[in-house]
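Next up: some structures, all given as structure tokens.
In the two complexes that follow, chain A is the common piece, with chain B as its partner first and chain C second.
== the complex of A and B ==
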């Protein structure tokens, strides 16, 4: 490794430089480093939050074993699987499609781009409340629309099985603006010469889109897949403020179980769930990176 | 930018220099489909909010009887009642106070660290930068218990200051991306000149660099403010009394608070949602650009 050269100016300012970094580093230590170390170690201990964590060498996976016995755990894994699948296909698909459409710069594209962002700048708690009203059995927007065709329709979306799973899904399914924005940024960066060359070779509009644009956007689509799955792993408000995981455990999620464990003073269990969320996130990232060959140069 | 596109053997160029493709039947069909998708996106994005706002002007009976009807009159009674009865003022004040103070302090602190990372070389610089930006990969919820216990141990449970502290750390990585690239784009010669003129390290930072980095500071600030203004998870975990409740948390208690007076519920929801939308409108382009930018870097 090449040695970094420090100029006279740099050297003279070393103390002040570290002084400037200090507050940020303290925040980092308090709210990232120490929490992560704590989660990593206490996930393997019994800990009620009052007494000190107890590590039992004969049974280091005590919390994980308890997790599998918890009634909400398997449903939350199952939900996470299906929601991730829907996220990486439909959700990212919608985002990518809108990105490609906006890149055509049809009349009004800036308006659509601006408006699409609005659900993302609203508190997710408020958005969950709005959806609770949209899916309300009596005066909800959705049942109102359906009743214009079928006047006797009355599904209580968030509180009936299997409607609840889909009600939760619809609170996030269409709102793929992040995917749209990053795909759009990638599309804008494609050199015009590539398109011109393809035209000379006689490629039609569709062919250009499928054979040039789509493969060149694989980094942003891959990023979109990672982001959309990690938001499913951490999804909390959409569940906690609507169905609360019910009916039964139909819509249970890991984050809801985590908060429940903290409220039950089972801190070891809470951190076992947290560790699981963290590991899932890393795995998804590595896997998608591989599948989309995101580290290979695009051009 | 003018470019040539060949459609059916004809080169067509619009009056504004943009390419206009010839309207073949296929193109018309394509346009219809494209606009159908875009219309759908606009409807699902603003439809729910428009419906909430409309309903806040309707009577309870009208909400239950005809969910689509437009309100007969625009009467703001429900808003008056929400603000008057529901300690709405306290919650709004808490939200403004916590979100703005944490944003201002965090942006100053993060500007300081971004500035030295952008402008100087020093030992462990890369390590520090990587550590700080890798925080983007840690989902916030995984740190729940440690942060909960930390705030408890500092005796800050159910205080505004506790929430302020947590929000200070809310977006270290994405702010660092924006601020660092902003400081890096300011010419280095400016620093040398100002030091030769006798301005010290601190004055060079505060009086020369900070004003020049104002676009980045503005963007990072808006993004952070929106995040903290909307935050629900930690606010619901770390506060309990109405005196320290923020607006997003107050939403959860709507049902009891309004005893199923839907007009008032919709009015309160409108009041919670609108400030975020307005702030976003003020800085629309920057918010979109940096959301895309920091997502790609992450």
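== the complex of A and C ==
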């Protein structure tokens, strides 16, 4: 990529630009950067959260070793893998599909967009409670529907294996409005001339979607994938308020293990988990950036 | 004009954020507490705070910030980490207090207060005072001098105990008498009602009560012990045959609802629930008005009480004026009139308090409460509950999390105990 050349006039504005950036940078340093540095450091120490962290030079990876001994750790990695896969395919797929449908501006599209937004203004905690009723074994909506076909059906979705994994998955799978909005914004920004030129060349609607819209939405879809996977890495309420990681460790997540470690005053271990989540997030960003060529110009 | 308005609003926000303010010589503090809103403890606690405010009008004022019970210990812990503890704290997470608050002297020593207020010191339960006294003679907290043994409630209309009381029956005899009726168990939250019943099952095993009594301070990490294994086997059988249908995943409100709607005939809980279960509670359904509810100890003649607990304490970061307010509130709560009012509202007995005749009359008139409190007799096994004896994440999370698998048979009692042991081991710091 060619290096940007700044004019003398541009350079004269630099101090002002940096001045305006300063408050944001200070806030970022105070509330993000410093805690991240603390997490990085304390992840290698024994720390009860109050007394000074103790660094043992002979065993700097003590928390990470303990992490691998935790029974919930490997299942949480396995779950993260599958949830990430589902998120980047089905979840983002649903969000993108709705975005494309809304972009057709069919009658009532604004209403549909608003309705699709509603689940996102309800907190995850409230959703978890709602889903406890939907998946209730005795009077839950889902079992009720299934019983119309199979009267003896009785699955305790959040508490039986392997149903619990899917029950947790259902608590977030369809709520992809963020992806929809990002994709929709990108679709709206596509110059009309491109479509008109394609129509003159005899391109069908499907072809226009496939050859023009989808490639031009590459960045927004990539962003959607990053957002949905990082949400899975940090997913807590959906699990903690329903299955609590069970049955066994079937629905365990890294964030649940992190909170559990805090409850047991093992802040060093909690920060080792946080560090791992942070690294996973960065890796996902780098990987998706590369796969979707997000740094390359779209137009 | 806009600038003036913005400045005024900013100033108001700043004032609102201040934890306390001295206005006209009034020491005013805001303390977060869970005994608010729908919490059953609010019925007595909030009016008590108002009585205190009225008594000390112009001198002290306490405002209560609402918190849910589940959040309280965590919130206090977070405030402790920020060194912004409120002026008055009731209890908190045991391990945090033992490992962090006391070693770091984050509390105000209440020994001078007790020396000055002999009337309060004389009422305290000796073992509890000893528990709250540090090695160097400081007193960490003052707990109310009231023992509230926890038992259970049952619907006398639904079950026929053949003229016996649950205290005279074993769990086997009791469940046999239940017939097709159910017990309101739960696996959600901290599995409270299930934990209480389970505790009594441990207590009746050989050495079980001693095991529980000996682990309130040094927690239990090994659950592969005969008393616990046998109790888990019994619990599994009872859960599989006598648990209300909503047990798996049920939170306390679900368990209480099962009892109050006649979907369960029994629920284990403390005396403070009398307010909810009393006839005029207004929460009944299915043609049940609560008039046939009885209070009792748990089968096997077990009542659960833990005198090894923390009470009200004042953090070290409080100012002198705030500390005075805190001590005035602790003294106020421990006046005979307030203690009697507390016992009438939430039950319990104060062993060192000479109660008034008026109190005795009112207690007898309280019906269900009187029955509940007096279910304890000289032979009753009184011991702490299982939750008091295990690491917090085991009691609050792991136990309840594993119960569904115990119920569906995925876990045998041995496997259940092994899982609990492994979970407890994970809580140890390296």
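Quick note on the criterion: the second predicted complex is superposed on the first by the 265 of 299 C-alpha atoms of A that agree within 3 Å, B and C clash if a C-alpha of one lies under 4 Å from a C-alpha of the other, contacts with A are read in each partner's own complex, and residues count from 1 in each chain.
In this text, contacts are C-beta pairs under 8 Å (C-beta built on N, C-alpha and C of every residue); 3 or more make two chains touch, one makes a residue touch a chain.
Quick caveat, the model's predicted, so the values are computed rather than measured.
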Partner chain(s) touched by A:260 [first = chain B, second = chain C, both, neither]: second
Partner chain(s) touched by A:66 [first = chain B, second = chain C, both, neither]: second
Chain B versus chain C as contact partner of A:246, first or second or both or neither: second
Touched partner set for A:215, first chain B, second chain C, both or neither: neither
Contacts of A:162 with chain B and chain C, given as first, second, both or neither: neither
Chain A residues touched - chain C or chain B, whichever exceeds: B
First, second, both or neither for A:49, with chain B first and chain C second: both
Which of chain B and chain C A:138 touches, first, second, both or neither: both
Which superposed partner A:191 touches (first chain B, second chain C, both, neither): neither
Doubly contacted chain A residues - partners chain C and chain B: 49, 138
Complex contacts: residues of chain A adjacent to chain C: 46, 48-51, 62-63, 66, 69-71, 132, 136-138, 156, 158-161, 242, 244-248, 260, 263-266
Touching residues on chain B, where the partner in the complex is chain A: 3-6, 18, 31, 34-35, 37-38, 41-42, 44-49, 51-52, 55, 63-64, 67-68, 109-110, 112-113, 115-117, 120-123, 125, 128, 131-132, 135, 137-150, 165-166, 168-169, 172, 191-192, 195, 201-202, 205, 226, 229-233, 237, 247-249, 251-252, 254, 262, 265-266, 269, 272-273, 276-277, 279-280, 284, 287-288, 291-293, 295-296, 298
Complex contacts: residues of chain C adjacent to chain A: 74, 80-81, 95-96, 99-100, 103-104, 187, 245-246, 248-249, 391-393, 396-397, 400-402, 404-405, 408, 410, 422-423, 426-427, 429-430
Sites on chain A touched by chain B in the complex: 4-7, 9-10, 13-14, 16-18, 20-21, 23-25, 27-28, 30-36, 38-39, 42, 49, 97-98, 101, 104-106, 108-109, 111-126, 129-131, 133-134, 138-141, 144, 174-175, 178, 181-182, 184-185, 192, 196, 199, 219-220, 223, 227, 230, 233-234, 236-237, 241, 255, 258-259, 262, 267, 270-271, 274-275, 277-278, 281-282, 285
